[in-house]
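Two complexes come next, and they have one chain in common, subunit A, joined by subunit B in the first and subunit C in the second.
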Partner chain A sequence: MRTQFCPEIDTDANPRFPVYADGNFGEVAPDRISPLSWSLIGDPVEAGVRRVLRRLLPGATWLTGSHYLFVGYYGAKPYHNISAFCHAARHVPCLAPEDVMRAYFEDGPIPPVPADPVPLNRRLAAVPRFIRELGRTRAASVDLEAETLLLALHAKESDPATVARRAVSLLGEAWERHYAVTLMLVPVTTLQSALGTWCSRHWDELGLWVNRPRELVWDTRHDGATVPEANDFLARVGYEVADDLPPWSQYGRPSVPVDGENSPMTDTAIVEALGRPWEVLPFARPLLLPQLSGLVRDLLQLREFTKYLAMRVLHVLRGVLPELARDRAVPGDGWPYLTIGELLSGRDPHRLVPARRAACEDALALDMPGLLDFAAARESAGASATSRPRGVSPGQVDGFVVFSDSWKEGRWRITMDGQPPVLVCESADVNLKSLLPHAAALVTARGSVLSHIAILAREHGIPAVLGHPVAKEVREGQLVHVNGSSGEVNIIASQD
Partner chain B sequence: MHRKTDGTVLESIQASYQRVTRQQRQLRDDDRIAEDLSLDSLAMMELLIEIEDRFEVALFDAPQAQQVETVGDLVELIQNVREAA
Partner chain C sequence: MKVLIAGGTGVLGSALAQQLVADGLPVTILVREPTDIVPKAEMVKGDVRKPNLGLSLATRERLQAEVTHVVSTFGSVDLDIGPQGTMDLHGRGTEELLRFFRACADPVRYVHASSILIFGKHEGEVGNRDLFVGQRFRNWYEVGKFAAERILRRAAEDTPVHVVRLGPVLGADGPVTPSWQHGLVAGLPYLLKQWPVPLHRRGQFPCYVSDATAAAKVLRYALDATTTDVWTYFDPRLPSLNQTLTALCEAWGILPRILDVSGLRPVVRLASRPLGLSPVVLGYLDPWVRLAPDILADLPFPAPPSPPQYLRRTSLALRKHLEELMVA
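This part shows the complex of A and B:
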């Protein structure tokens, strides 16, 4: 098997950690992204994750080297290095690689990790560092928001190169904070689940209710916003900064604005009970389970907040990069084929465009798999051939199937025969946030327990099942039963 | 019974609280930390870390930390940990 698909643009496969998956990219980022967008994600994410882990695991020699450790870019498709993330899990007490795979990578098969055991004392030493990192991340994110808003406010009146350089610096911080929270969420939720399961055999469902985050940043910052820039941001929330240029525009996931009545389906009695779950779990308080659950909710909220910050900075870059490209004499649609470093360096970057464009055309013609194992010469279509559906937001509802494209094209209906709509799609992220208040339930073919759409579904209080194969089988108009607690989705009737 | 706590410690906690929350607010001994101070879990953690750094004490490990409910309890905890050190 090739170790590179398009040598002109691909990153090199890591020789020690050879397994990659598109999980948590595949349902978030566009399926393919331009080299420029990759340079705004891959490099800062790599640097940010290394900085975080060096603080948490000082002296870890495996966190060095010139190969990308945690991300990869093959055939114009972004990947996470799941072997490296699973290896990091081994250094944290109460955490195992399968916890990472379940939380973020669609419960896929665990990649081989180095066999040398990590001493217990070294694992335990990471605990106080985790606590300090938790305490540090919130404050840093609040400061970062102020910087981000200032950048957005002054972008139009400043020199594009200056804005771009500042944006790249802030983007690095935003990704670092986002991955810091993402990394810390796994051991905290794993510990919570262990304690919760000890308290109650119904914890699997109870935990979904308890882990409902408070109001998320997408609404608190933009609900009713009348500032044009803010509305433009919400309409183009995504990782691809060249989303209005072909061929990258066809891979984008545009946000879907929608007008219409809400179709609230949340069981108010259960929602009210959310505040009192500890009354039915007598052993929960001494175990600090309520406090731990509060921490989970706050971390979920912070995760969305840090992602929001990264998206805001990307949106600023979306606005200045075309002008910067003109200043650098790069042809009109050529700038997405350069990296941000090349565009800012000012050293005749336009000469690189023809070869990169050709390489990207070759790359986009490839059918890139969801899983890449460069050691075993193995690839497969999805992150896991045996991934199982997961209920990620509790509740049950019957409703008729509507695809997100129907909403976009205005063919949706509020109800059909008195039944509410169930939104069904391949994968979902913030781009579908505007539809959630109108949906009775959500079913996707891809996604993980801690993915963004799971957090959003819980925040909106709608039942959600991710990773269910029926999402690819149903037809629009069919009546389905969705159980967001058990993960079951059943077709009840077909539309005649 | 009116509790008399160290005013200096209380002032320092107040300074830390204002830095973390960016709010100007007078803290009282009988303020309940969980209910009255409007701190989520991460802000609470940030506050405790700042207090640990400011007073050079370890609060997360202190057994008495489990009984802290009010600002006055926190002041007493800091005083006790510093004296024991």
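This part shows the complex of A and C:
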């Protein structure tokens, strides 16, 4: 099997960790991203994750090497290296590769990892480092927000190259913080689940309620979106900085602003009880459960917050890159084919554009799979093809299927018998956040327990099922029953 | 007056439906699976947990044009119910039924059968005006009943809602026998095996039990009341938990082994599941709630007495029901 699809733009496959999946990219990022966007995501994520793991696992020699270790870019499609992330899980106490796959990679099959056992003492030694990293991330994120705001405020008045360099530096920090929280969430939620199951036989139902974040950054930003710049950002929240240029614009995920009545929420008496069950019911052995649950909620908020910071910086770059390209004599539609390093410092970067453009055309013509296993010379549709549906936000509701495009066009108001709308889509991220207050439930074909849309659905208190095949089968207008706890979605009736 | 009863196939709801039909009043019972428990009552298939009660548009519109009174007696005393079940039934179910009632053409009165268990493990004295007194709950059933009453007490600001709080409802004169899976009767198999039950003061504390037909009369009065209020009703003779459990075992000629040995509790708790006793039931070994002594005086009519020997007749009916099940 090929180890590269488009040698001009692809990264090299890692020889020791050869399994890649589009999970946690595939459901949030555009299906294809430009080389420039890749350089703003892949490189800083790779560097950031390595820095975090070197702090958590000092002396780990597997964290070195010139190959990308944690991400990959094939056929203009971004991937996570799931074998590397699963290998990292083996170094953390109370954590197993299946926990990582369940949390972030749609519960897909576990890739083979190196067989050498990790000594227990080394695993336990990671615990205090995790705790220190948590404190460091929280404090650094506050500083990062201030820096990001300053960058956004002064972007228009400053030299584009200076702004771009500063933005790239901040982006690196933002991705590092984001992945630090993402990595820390898994062992914390695994420990919480183990303790919760021991304390209460209803923990599988309670866990989703307990981990509902109280407030996410997107809410406050949407509520306070009175200035044009804020509105512009919220309308173009995404990973692709060239989202207004073809061919990349066709892969974009535009936000969907909408007006309309919110679906009714259930009385908060029960919701409060569900969120803090140890206060309402005398749990025989609550142990660390309240503290852990508070930590999980904080981490979920922090994860969304750090992602928000990265998106803000990308949005600043979205504004300055065309100007920078003009200064560097790069054609107006050619800059997405360069990396940020080439655009900033390369000699005659415009000479690289024709070959890259051709390579990207070839890449975009390929049907890139969701799963790449370079060792087994195997590719498949990806984890989503074999993953099972997951209820990620509790509750049950009956409602009519509405697709996000219909919502945008206002056709969602057509319902039968006053039944509420159920939003159904392939995948979802912050671009659909504005629809969530108006939906009674959410069903997607892709997503994981800790994915962003799961967090958002829980925050809005609407039942959500991710990774259900029915999302690809239903027709608009069909009546469906959604159980966000058990992950069941059943078609009840069709609208005639 | 046309009455819709949600939960009309239960012990209390069916007793009320029977009384209303006997009074010549039109009754509709909202039920998940239609039966002929109360002949002459209209059975309508629906589910309080679903939007619009799971009714078709035509049925809903017809009922909202006709119904003037709604009674909620749904939700059996399932102490094993989990948080999601409580959320769906007592939370969403109450909201959906309330929404239905508010959309009726002539909404006269909504009567809700609440429970004294809404006070959970609170040790102080409580009256009809009390709702949240800082209590913690034993299980999700109590949380659900509390939340349901809270929804309705808030709705009472602009909606004619009447709440009647009851203890365990037993009796054999209604169309339905108490279920073996729920409430006090769920502990009966354990008692009949004469395994020890470690009750505080050997169960000499009130359990606020009442007969279904007497409790249904109170609901009937609530339907005719002209002011919104909160009432509490129980058998004025106030049988203790010990007396109630002893009476329920009478049909088998067995005396339950009720002890006041606190050291026995951890043993019973460990052995509960293998012995077929839900551990949740063990939350009721101590006095349940302390109601204000004159709480029945708040009723604007003399508290209806429960029929004589109703506990014994409940026991006989349960035994007969069990024998029928075994034959089947």
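The rule is simple: the second predicted complex is superposed on the first by the 473 of 496 C-alpha atoms of A that agree within 3 Å, B and C clash if a C-alpha of one lies under 4 Å from a C-alpha of the other, contacts with A are read in each partner's own complex, and residues count from 1 in each chain.
By definition in this document, contacts are C-beta pairs under 8 Å (C-beta built on N, C-alpha and C of every residue); 3 or more make two chains touch, one makes a residue touch a chain.
Since the model is a prediction, treat every value here as computed from it, not as a measurement.
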Practice prompt. Have a look at where A:Trp209 lands relative to subunit B and subunit C in the superposition and call it first, second, both or neither.
Written response: second
Worksheet item: Can A:Leu295 be said to touch subunit B (first), subunit C (second), both, or neither?
Response: first
Practice prompt. Could you look at A:Gln478 and tell me whether it touches subunit B, subunit C, both or neither (first, second, both, neither)?
Written response: neither
Worksheet item: Between subunit B (first) and subunit C (second), which does A:Ser393 come into contact with in this model arrangement: first, second, both, or neither?
Response: neither
Discussion item. Once chain A of both complexes is superposed, is A:Arg132 in touch with subunit B (first), subunit C (second), both, or neither?
Written reply: first
Item to complete: Tell me which partner A:Gln419 touches in the superposition: subunit B (first), subunit C (second), both or neither.
Response: second
Worksheet, complete the sentence: In this superposition, the partner of subunit A with more touched residues, subunit B or subunit C, is C
Discussion item. After overlaying the two complexes on chain A, where does the subunit B footprint on subunit A coincide with the subunit C footprint?
Written reply: none
Response to the item:
The subunit A residues in contact with subunit B across the complex are 128, 131-132, 134-139, 291, 294-295, 297-299, 302
Worksheet item: Which of the residues in subunit B come into contact with subunit A in the complex?
Response: 20, 40-43, 45-46, 48-50, 60
Worksheet, complete the sentence: Note: in the complex, subunit C contacts subunit A through residues 49-52, 54, 56-57, 60, 82-84, 86-88, 90-92, 94-95, 121, 136-140, 143-144, 146-147, 150-151
Worksheet entry | Contacting residues of subunit A [partner subunit C, same complex] | 202, 205-206, 209, 264, 266-267, 269-271, 273-274, 277, 279-282, 394-399, 416-420, 485
